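Per-chain numbering from 1; labels A, B, C and D assigned in written order.
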Amino acid sequence: MPAKEQLARLVGDAMFDSDTCSRWLGMTLEEIRPGYARMRMPVRPEFLNGHGICHGGLMFTLADSTFAFACNSHNIPAVAAGCSIEFLKPVQGGDELMAEAHEQVVSGRHGLYDIRVTNRVGEIVAMFRGKSAQLKGQIIAADINQPTGAKTAD
Amino acid sequence: MPAKEQLARLVGDAMFDSDTCSRWLGMTLEEIRPGYARMRMPVRPEFLNGHGICHGGLMFTLADSTFAFACNSHNIPAVAAGCSIEFLKPVQGGDELMAEAHEQVVSGRHGLYDIRVTNRVGEIVAMFRGKSAQLKGQIIAADINQPTGAKTAD
Amino acid sequence: MPAKEQLARLVGDAMFDSDTCSRWLGMTLEEIRPGYARMRMPVRPEFLNGHGICHGGLMFTLADSTFAFACNSHNIPAVAAGCSIEFLKPVQGGDELMAEAHEQVVSGRHGLYDIRVTNRVGEIVAMFRGKSAQLKGQIIAADINQPTGAKTAD
Amino acid sequence: MPAKEQLARLVGDAMFDSDTCSRWLGMTLEEIRPGYARMRMPVRPEFLNGHGICHGGLMFTLADSTFAFACNSHNIPAVAAGCSIEFLKPVQGGDELMAEAHEQVVSGRHGLYDIRVTNRVGEIVAMFRGKSAQLKGQIIAADINQPTGAKTAD
């Protein structure tokens, strides 16, 4: 595995390990590469709103987490500055959502990421666009030849 | 209380009663009037992300719920078509968020709502804009002289 | 040329012919296919704002026109419901902008289109996302075996 | 006139004087105060698109200019980072548009501004939201006790 791909995976593991909220909501990080991430989340009964369908906020949250993993995949810490989402189809309880984030452009310290949220049968249920702002520093120690399990483990 | 204000309150109570997700996340509906709603949500430890601050998705979810109450306050069912959010300040665990939704314009079956999310000391932490699309029908029986207690609970 | 591609081209020609504004601003329609369009516009001295760079509104206008051609390319009239744009780089007078629109998803009568605006050396200067709403009817007579030259002009 | 209001007016005059594009499109700057601006623009025949209505890009351009004047009104140079617009009503040739920008929040070096675009009879035809990023420096010499007439024109 090339160094950058490996680093992205280490960053993803470290972030996911400390991301209480995403784990609490039942998300899994399926894949992370430089500029890319894919996550999955089952739609639990608690996620349903007054119309009996999945709360848009929870669909957003899955997309937002996936965005976060993708924009941090270069091991430079980045935060969401702004996001927009279009809701295309209602989602039922018991369904399972998948979100895929693709980096579109990085310009200076800002990046733009597009995230598609699909349901179990592959229909697009929401489209999310996120703008990131990079901070200074690194997420994990950058000497990837010797990744100390300590920071990414437990 | 004028009829429209009373109707908005009844709609809000009925919606909140069946809104599993918003109640599960600890939100309270403090006020609802035609075109307006205000909700509150404490930031629980489960809401924190990998940076140790409140997940943006949960801030969005509070704003989105408040938007839903405001855009349904006329007793015509409406759903979110699209939303955008700008994140202005990080939010710590233990804080409490308040969201206020104001209707900006209703044009045909579409409406535009602005929601401000503030922290406990009154700083704006996020700005949300939601676009709604009205459906057909009513949320509760419109004869508000005789609201059937059944659908609006306690 | 397959029928759909040919129809898109006819629609594009007809629309461009009657689009006073896009022609007045010096745009050219380089290509149109179902769900896709590409336009070009030189940055004239009149387009410069108080900072001496291209007015963001004119960059938006190019992207918006390209969006319009792409979302009408199926010969069903569609209008812009909402758009967002991120400005990534300033553009100088004398440069030439290219905008490419790709359809992302069509769901019911709504569609989502992403448009990239690049400068002469291929740098992305703006990213635009447009949401369309289809109307009823057709743009040109759908019997494409006999397109009346009158409406589609040369 | 208080110092801040006077400064905003001087900044507005200086900016408008050098804003070739806004003047070329026939805009006028009617009022500017700290965090506020109002502009007007007649809808010329050249602004019409293929549907025979005002090109959305030109409505955006008016809103974007008004946004620029409002976010530069504190005499700290600021540029648009991103904008979104919702189109609510078509606009006919011969109409006249007015745009009003109100500052919503300034947080660090970013600001959020809402702009309403209305037609001659006062209907809202578009809602625009702009996010600004401040740069370093000043627009005009800050010693407002001695504004050199030269840069602020007539």
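To be clear about the criterion, a contact is a pair of C-beta atoms (placed from the backbone, for glycine too) under 8 Å apart; a residue touches a chain by one contact, two chains touch by 3 or more.
Note that the structure is a prediction, hence the values are computed from the model and not measured.
With chains reduced to the mean position of their C-alpha atoms, the one farthest from chain C is B.
Chain pair with the larger contact count among B-C and C-D is C-D, by C-beta pairs in contact. We define each chain's centre as the mean of its Cα atoms; on that basis chain A and chain C are separated by 31 Å. Averaging C-alpha coordinates per chain places the centre of chain C 25 Å away from that of chain D.
Centroid to centroid, with C-alpha atoms defining each point, chain B and chain C lie 36 Å apart.
Looking at chain D, residues 81-82, 84, 86, 110, 131 sit in touch with two or more other chains. On chain A, the positions that touch chain D within their shared complex are 81-82, 84, 110, 131.
Residues 84, 86, 88-89, 104-105, 107, 110, 112, 114, 124, 127, 129, 131 of chain A touch chain C in their complex.
Interface of chain B with chain A (complex): residues 15-16, 18-22, 24, 45-52, 55-58, 60-65, 68, 77, 79-87, 90.
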